[in-house]
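One structure coming up, written as structure tokens, with questions to follow.
Labels for the chains are A, B, C, D, E and F, by order of writing; each one numbers its residues from 1.
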Amino acid sequence: MDFSLLNNLIDPAILFFFFGLLAASVRSNLEIPAPIAKFFSLYLLIAIGFKGGVALSTSGFTSTAMIGIGAALLMALLVPAYSFLILRNRTNPYNAAAIAATYGSISAVTFIAAQQYLTKNEVDFGGYMTVAMVLMESPAIIMAVLLATLVRKKETFNPAHSVGAAAVSQNKPISLKEVLHEAFTDGAHLLLIGSLVIGFITGPAGKEMMAPFTSEIFKGILAFFLLEMGLLVARQLRQSKDLDKTLVSFALIMPMVNAGVAVTLAYTLGMSQGDTLLLAVLAASGSYIVVPAICRYAIPEAKPGVYFSMSLAFTFPFNIVVGIPLYYTIIDVLWN
Amino acid sequence: MDFSLLNNLIDPAILFFFFGLLAASVRSNLEIPAPIAKFFSLYLLIAIGFKGGVALSTSGFTSTAMIGIGAALLMALLVPAYSFLILRNRTNPYNAAAIAATYGSISAVTFIAAQQYLTKNEVDFGGYMTVAMVLMESPAIIMAVLLATLVRKKETFNPAHSVGAAAVSQNKPISLKEVLHEAFTDGAHLLLIGSLVIGFITGPAGKEMMAPFTSEIFKGILAFFLLEMGLLVARQLRQSKDLDKTLVSFALIMPMVNAGVAVTLAYTLGMSQGDTLLLAVLAASGSYIVVPAICRYAIPEAKPGVYFSMSLAFTFPFNIVVGIPLYYTIIDVLWN
Amino acid sequence: MDFSLLNNLIDPAILFFFFGLLAASVRSNLEIPAPIAKFFSLYLLIAIGFKGGVALSTSGFTSTAMIGIGAALLMALLVPAYSFLILRNRTNPYNAAAIAATYGSISAVTFIAAQQYLTKNEVDFGGYMTVAMVLMESPAIIMAVLLATLVRKKETFNPAHSVGAAAVSQNKPISLKEVLHEAFTDGAHLLLIGSLVIGFITGPAGKEMMAPFTSEIFKGILAFFLLEMGLLVARQLRQSKDLDKTLVSFALIMPMVNAGVAVTLAYTLGMSQGDTLLLAVLAASGSYIVVPAICRYAIPEAKPGVYFSMSLAFTFPFNIVVGIPLYYTIIDVLWN
Amino acid sequence: MKPVKRVEFIIDSLMVETLLESLSEINITSYTVIREAYGSGERGVRGGDIFSGAFDNSYVLIACTEDESKQIIETVRPVLKNLGGMCLVSDAQWVLH
Amino acid sequence: MKPVKRVEFIIDSLMVETLLESLSEINITSYTVIREAYGSGERGVRGGDIFSGAFDNSYVLIACTEDESKQIIETVRPVLKNLGGMCLVSDAQWVLH
Amino acid sequence: MKPVKRVEFIIDSLMVETLLESLSEINITSYTVIREAYGSGERGVRGGDIFSGAFDNSYVLIACTEDESKQIIETVRPVLKNLGGMCLVSDAQWVLH
């Protein structure tokens, strides 16, 4: 077993990600039609959810599962909390709240890449970690909305500070109930839950029927999707040239901090190496699908360009290229 | 073998259908991009046609095949005839004609679900039933157009009754020739025929080449497609709140009547259990692709919303969830 | 082994091509959604490139490989040169230059069909022929641009001849540098190169991971794509009714001439039967993706309708249906 | 800049090809089409679903002279009458190039 | 031909369904929608990427009377205020059929 | 409501990105794009097929002041000249929000 950076990089799917980066940076007209990219994204959610559900149906909700899930939930509360504290005075407080939600939540593709990494290196991991992933989406969003409400309350006392934002917020701020509805009915989120449940119900019999679709062609579709992600990241990078240095640093350093906290927690709880990598990656990754979609309504005062770019253009490639092998190398040293 | 309702329901593809229903009813923003859904629909037609053709190339046109096809053709004439008689005085006669066509024709996805059900329960069926399905599309349409022409003739003598409709119909009614052209060149219909013929020509050798695509990933794509169908059915249900009680009853009761007639016919003709279920499902299902597409031109006086909703929002889910296992349970009792 | 025409035609993928031709000619409303067709086209490029790269990684750059690649490059220079000389006085010289580029370059789908033909008849061929294909794209384009520049220079001395064209060309003609950029960054071209390189890097290990996607479902997707090609060719044929007789003859005769030159060259160089067929097909086919896309900018004076139609509506189906088996029959006679 | 009529219509996607052929017979060969519009009108909701394009609308835009606009209207009107849709005419300035 | 107002607006795709429902409450049930527009405005670039339609705009076109146009504007304005977008009103001639 | 110019143009999809960059240099950063339009004009049929977007048109809509509209036209005109397309300018009312 060779957990070196290179070993991760020669995975064809990862190479297609690099190729996408390259193609977009030489300004090629290569593009994946949007409906196809959306389909791939739905496919990955179904496949990952379904496989997680099937795994869970064989293992059951053991105490190991509960610990993994509990640890993930804890991270989903911790990360936005300290992220907000760190950013509060370094950027617009609404942006801070939205960024906190972004990093408290997760990136499914990063999670998938970590699973692929583990599979390739023949390291086991539990199906319940997919449950953990699903459960990490919402707490971060709720926390962020609460934080934003807090900020709004303060602003009203001190209206001189940010007239524009206050004006927006006076304009019927969206209620927590609405936010919760949006969070739970969000397509990506719901599809993940649905597939997980279906996988759980149908178990190994269902798996056998679905395997050629959900497992065998998975790698190929992942490669195609990562190609699109590469194109997208490169374009997003171009658009975010004027992103604040502080925020770029945050997007590159926080993944390591969050992964560090997660690894420490997992070590204390006696989690397995595989589960620990997944927990680290969940903590380290930021959402660029569900959370930005919801924050636009929930925290309209924040700039979508900012948190979306941070998570997609910086944190995502960082985790894919450097993060996953780095975290695992550290875990491997600590555990042995 | 357990032909209970539950056994049918825990098929992952059927579960995705329920999940789609649920997602749309909680007003999730989950959606399958339209081009993808169209692709799935083309894929299913190709796969089902091709497999039917291959099966036919090995079995040949035996007398069993001829009986199955003949029975189907008979149903395609009977169903629209008595449907029209039943509805004529209960709704607008143009609508009655269009509904007759809708129920005389078939739903390919319901047929596929029935095949999946049989396969799962290890019951054999003939490739010629796919030919039967193909042949059932057109007679219903032709009958409906003739019925509508009849209605139009009557109206001209009695113009006071329905001014609007008469006004439309005076406006160059489409000729039977044009209708036949539309019916035979309709994409879905033609693709089914084409794939059937190609399957027949290439036989088992062709099957081997195509199997990973047309057979192995079939279940997964069906699951995806049924998810979309679930979303669509739920949305259609919402839009058809104001649908006439009579028509809703028709959409839920007629499938059982039609299946009953089909089962009786098949029993008399000594058809096998598998073929009988398929015949029953062909009779019981209503078209929501080909027929609505053609009726809009052929019977412009009828409201597409009505017959489309009946067949998609009521009959389709009824057959998928209740009909298939119900019909089979009855067949199983009768045949043993 | 039976290398007859019929044997090629009963391939399901080829039959779907005929079916597409037929469906469009009876004016069916059958259509593959554009994003799906684009996806198939990207898929085929990835699959073919990747497989070529993997093959190359096992064989290495042997002298056999070098000979195959060299022969291809030679053809990429020869074909546009003599094509231009032939057409120069028979049509508008700008069109002549663009047509020269079209035929100097290649059609990836024709190449794929030839590979399928070889595989079916159990004839070997080298992965380096994919490299040869990639390398044939650009020289033709460059030559055409140089030819067009030459024509433009002449025109300036003799402005009376073609006022319109001169007017266009005075209007900032695109530089060779820009053309090269367009040619190398063109999506299709780049994707082929990228996949080739990725296949080369990941080798057999990568192949194993990707095989269900890039190899197993390949035939099915090719069938789907050829269906779309059939629809497209038939529609293009309809639109090109007024195409010059000379150009139609060129589109049908030149493939055989080019294949003849290629076969002679291959024979002289002692290439294998499989490689020779591929070389012949590369020489005989015309581009309808990359070159037309680039010529619109590079030679705006030429009419896209002309060269695009010649290559798509005439040469493509000719090669698929008649060319491939014909060339192989000749090769088989010569080599044995 | 030259004043033109801006004719836009929404019709059933299946009719677009036929209609464009009719237009080319009266020498109207310049147009732009956007597929996959959906909508609602007198005949209820149309499009937005997947079924074979049968319920999809297309949006067609033609910039032309006033005379041409009248001819276009006469060609489009029967289609609108039979299968629904709408047609708007407005004024615009064509940028010469 | 009858003079009408041509109301067109660009809004977040996710709001289209809700908005059309609000419009139907004030009896505006005729419209045409083109999905998958993307663009840029005060709130930066929006759409063109794949993520769950969240950043996509839709283009909505409604031909209506002047009175209706005012009602539509009142319904659309708060959505524009909250989530961005734009709304234009111009004059056109409706082709009777 | 404030009177604006409604500039719309159809250009080759491959030029959209470049053109939008040129426009942003003259401070025009608000626009809406609809991809996958196809059509026909002086240069024959364009788009509707699959090939790498090379033959696809895009529809671009910009609401702006009269001065801005002139600048836009100057930026778009050379593209239209070289690669075809069309550009229309009309009047509209912008709904303030």
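Note that a contact is a pair of C-beta atoms (placed from the backbone, for glycine too) under 8 Å apart; a residue touches a chain by one contact, two chains touch by 3 or more.
Source: prediction; values computed, not measured.
**Student:** Quick check for the class: compute each chain's Cα centroid; which one is farthest from the centroid of chain E?
**Tutor:** When every chain centre is compared against chain E, the largest gap points to C.
**Student:** Quick check on chain B against chain C: do more than half of the interface residue numbers occur in both copies, making it same, or fewer, making it different?
**Tutor:** different
**Student:** Give me the superposition rotation angle from chain A to chain B, based on Cα atoms, as a multiple of 5 degrees.
**Tutor:** Rotating chain A by 120 degrees superposes it on chain B.
**Student:** Averaging only over C-alpha atoms, locate the centres of chain D and chain F and give their separation in whole Å.
**Tutor:** Distance between chain centres: 19 Å.
**Student:** How big is the gap, in whole Å, between where the Cα atoms of chain A centre and where those of chain E centre?
**Tutor:** 33
**Student:** Centre to centre, by mean C-alpha position, how many angstrom separate chain A and chain F?
**Tutor:** 37
**Student:** Indicate the whole-number Å distance between the mean C-alpha point of chain A and the mean C-alpha point of chain C.
**Tutor:** The computed centroid separation for chain A versus chain C comes out at 42 Å.
**Student:** Residues touching two or more other chains, restricted to chain F: which are they?
**Tutor:** Residue numbers touching two or more other chains: 34, 36, 48, 52-53, 81, 90.
**Student:** Quick one: which residues in chain A touch 2 or more of the other chains?
**Tutor:** In chain A, the residues touching two or more other chains are 29, 31, 33-36, 38, 186-188, 212, 216-217.
**Student:** Would you tell me which residues of chain C are touching chain A in their complex?
**Tutor:** 33-36, 38-39, 42-43, 46, 50, 184-188, 190-191, 194, 197-199, 201-202, 206, 209-210, 212-214, 216-217
**Student:** Which part of chain E faces chain A closely enough to touch in the complex?
**Tutor:** Listed in rising order, the residues of chain E that touch chain A are 12, 36, 43-45, 48-55, 78, 81-83.
**Student:** Inside the complex, what are the residues of chain F that reach chain E?
**Tutor:** Answer in residue numbers: 1, 4, 6, 20, 29-35, 61, 63, 90-95, 97.
**Student:** Which residues, counting only chain C, touch chain B once they are in their complex?
**Tutor:** Contact set of chain C toward chain B: 10-12, 15-16, 19, 22-23, 26-36, 212, 216-217, 219-221, 223-224.
**Student:** Residues of chain E touching chain F in their complex?
**Tutor:** 9-10, 34, 36-42, 48, 57, 59, 73, 76-77, 80-81, 86-90
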